[in-house]
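Two complexes are shown next, each including subunit A; its partner changes from subunit B in the first to subunit C in the second.
Let's turn to the complex of A and B:
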């Protein structure tokens, strides 16, 4: 092997090593800083107790519940819309109109989340306030709608690329048998691309869990477990972003690392699921 | 259009991105029997088939002029009349492709698929027609014990006979075949030829074929595109 090849190989190896190490390193960092919590046996208490600093209770149950309800609700809202949009783009109108919509969706992926936050604060929150007739309008529902808009491009693009991998022969067969476009979609395309659809949903869930800006700006910031759609909430991400404690030795501060670990695990789970799904897809292609 | 004529093509021209593949073709196909279309590659044989069930219409850059009339049992129809519905036309004019293209579902569901598309829901009716279609293509005895298996587990020849059964289950008046035996072993080939000889008695079959011996064996008329 020439010297150049050796150098290039080592550079590539080093880059790969760094990316893997950083991912792992962050987890170790959080684990080490959160270690005192484990040592003091407070771990499970923290996960299950409410956040009441004045009573010396620093549990993150409300944040975990907020994160889960917010992310699942947003995916629930985004799913039918994205499925319809992807079907339009790839199946029903793949020509000019479809290409135009797809390029708009591509643009949407580049919109900074803070812009969605703005729209939430000035447009959506007042509307939700008027409809619900209570609170500031900054609540789970408002944040979930915005998060749905945020994650829908991911879903649409993944769905539509799954729809477009259907072998031409299948589509021809349905056409020649007198199937309509809708029948083609329901009976052949959708059953054939469920893995891609599931991967899109899971990846979007990961994005929704990890988003901070919308959670921070429009979810309402209340540290109570949300009981209805119109309740304000503070998800894990926004709780960390607040960095409330000044005393590095306080429990209040240490709990942030627990939040980080919980988030990390949630996203790790969804990323792992996507990996399993896409490796299954490769096998089938062979 | 005389009573013995099933399909009448007038002044048919076809272009793909301004390249002309068919140049003002006028011809007639008799009712029942097999018409073989032969000729070198690129002369529009498959395209001609696809003008008869309008399957070319989704192809980008394709343009067709001319007129095609088919004498269906109900009436003589200009198949490019805007009032003609595509699902209706394609139920009357079935098509089987060069490479077998079973759908990713069971043998039974593949055969029943056109019935489902047509909105037929009665289970006994579907079961009966599936059995008839599979019997017609000599497939029933081979698959009756494994109807719920994925159709893609069948051999190439069986897959093609399944596609035939699928095209026949709606009892089309016209059957378009695009080199249906080119990818098959001799045994499947002779089975399909036997099937076609049986079918041509009460069906109009238009078949693209490269094999002159096959054309001689089963075709009633021949049309060379050159």
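Let's turn to the complex of A and C:
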């Protein structure tokens, strides 16, 4: 290898290295700044206690519960819709209608989150308020519906690419046996693409957990643990957004690093799971 | 009989899902269009200042969206400027040089970075700024530069991935022709492969631009403000379109101000829609170019 080739290779490697270092750096930085919490043995208290600053209790249990209930609910809403749409796009009607729906789905992935939040505040929240007859309409249900709309385009595209990786031979075999398109979908495509579907659900869950604007604008911002669909909530992400103005050296602010680490760990879990699912797929293909 | 009923139900369900999806989409767009279209005038952008004076920065625009639009454009420009060199090089490294477990490690790192919530990246940017402010640079505060760097981290994985995919999807015959004619691997990479992958890479750049233009969580923590005018340097505060929309939704004082919120939302949606279509058509041309060859 010539000197120039070596230099170029090293520059490229260095860029990749720096980019990877950012990923690790974010976690290390938060861990270091949040360290005092661990040292004082407050860590478990923080995770299990409610948030009552006037009583010196800075637990983030309500926020963790809000994040989990909000994101699981939104994926629960988005899953059947996305599965149906993906089946429509890639199997049931892959022709003109399917292509049209698919391009619309693609377009929806580009809609800014803040716009969903804005529409949620002025269109969906009043609607939910009138139906439930209580509060301002800013509640878990409203936020979950919007989050479901936010994640479903991604989910549809991921599902549909999972459906489209089925080996051509399998599909031909069904055709040869005289099977219909629906039968192809139910008995061949769906059982063979469960890994891709699961990966899609995991990625969407991660997206729902990490979303800030919808949580901030329409979830209602109450620091108590939510007990019903119509209760307001404050997930981890919007907790960070709310407290950013606090004093940098206060305990209140240090807790934000704990929130950040919790979100980071959720991401790590989902990235790990997706990695396992997709590496299994590669082996199968060989 | 039962299986036939199941098959019918599945078909029906998939049709209904597609229709529901289209219905939701149409509802959202129509709602925004009806509410926002009446406000889409030059006055929305320039307020009472004359458009020409505003554009040439002769007079500050006080009651229009011009500073927010300018802020968003500057933000996009600086973020992509910072992220592009690192993103492209890392993508090339991943596609052309990395192998085995090294490649696996980097892939996992970039997947992880892609999944980190933007508010966490914002928190990181904010705390680093405060840390530097307390220890080293007393006059460093959250500003345009800090936001751009943080946003660059956010779009880095998108740039890396599209570069990598664009290079890896080049046909093997193209890869070998240059080498067979006696080109060194480096010449092959820069004279043959990269120019061929360019439009695929462009798709990633446009997606990154869209991500920078729409993100609100990162900039909220790293220096965006409600009113600052056009930023004078990278160390000053700035306004941005998505943050304005968020601000209006919680703090609007009267109908007219709410109307500018709808107008701003429509404007941002238009910008992101245009970017999406640009990415979409470039991507399609990229794919077609190779289909014809094969």
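Everything that follows uses one rule, which is that the second predicted complex is superposed on the first by the 284 of 286 C-alpha atoms of A that agree within 3 Å, B and C clash if a C-alpha of one lies under 4 Å from a C-alpha of the other, contacts with A are read in each partner's own complex, and residues count from 1 in each chain.
Keep in mind that, in the parts below, contacts are C-beta pairs under 8 Å (C-beta built on N, C-alpha and C of every residue); 3 or more make two chains touch, one makes a residue touch a chain.
All figures in this text were calculated on a predicted structure; none of them were measured in a lab.
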Joint occupancy of subunit A by subunit B and subunit C, clash or fit: fit
Touched partner set for A:173, first subunit B, second subunit C, both or neither: first
Partner chain(s) touched by A:58 [first = subunit B, second = subunit C, both, neither]: neither
Per-residue touch tally on subunit A - higher for subunit B or for subunit C: C
Inter-chain angle, subunit B to subunit C through the CA centre of subunit A, in degrees rounded to a multiple of 10: 100
Touched partner set for A:79, first subunit B, second subunit C, both or neither: neither
Partner chain(s) touched by A:163 [first = subunit B, second = subunit C, both, neither]: neither
Subunit B versus subunit C as contact partner of A:230, first or second or both or neither: neither
Touching partner for A:183 - first (subunit B), second (subunit C), both, neither: both
Closest approach of subunit C to subunit B (Cα atoms, Å): 5
Shared subunit A contacts, counted only where both subunit B and subunit C touch the same residue: 180, 183
List of subunit A residues in touch with subunit B within their complex: 169-170, 172-180, 183, 187-188, 191-192
In the complex, subunit A residues that touch subunit C: 2, 4-5, 8-9, 11-16, 18-20, 22-24, 26, 29-30, 33, 80-85, 87-89, 91-93, 97, 101, 103-119, 121-123, 149, 152, 156, 180, 182-183, 185-186, 203, 206, 209-213, 216-217, 237, 240-241, 244, 248, 256-257, 260, 263-264, 267-268, 270-272, 274-275
Residues of subunit B touching subunit A in the complex: 53, 55, 58, 86-91, 94-95, 97, 99, 101-105, 113-114, 116-118, 163, 166-167, 170
Touching residues on subunit C, where the partner in the complex is subunit A: 6-8, 10-11, 13-18, 20-22, 24-25, 28, 31-32, 35, 85-90, 92-94, 96-98, 105-113, 115-124, 126-128, 130-131, 134, 153, 156-157, 160, 184-186, 210, 213-214, 216-217, 220-221, 242, 245-246, 248-250, 261, 265, 268-269, 272-273, 275-276, 280
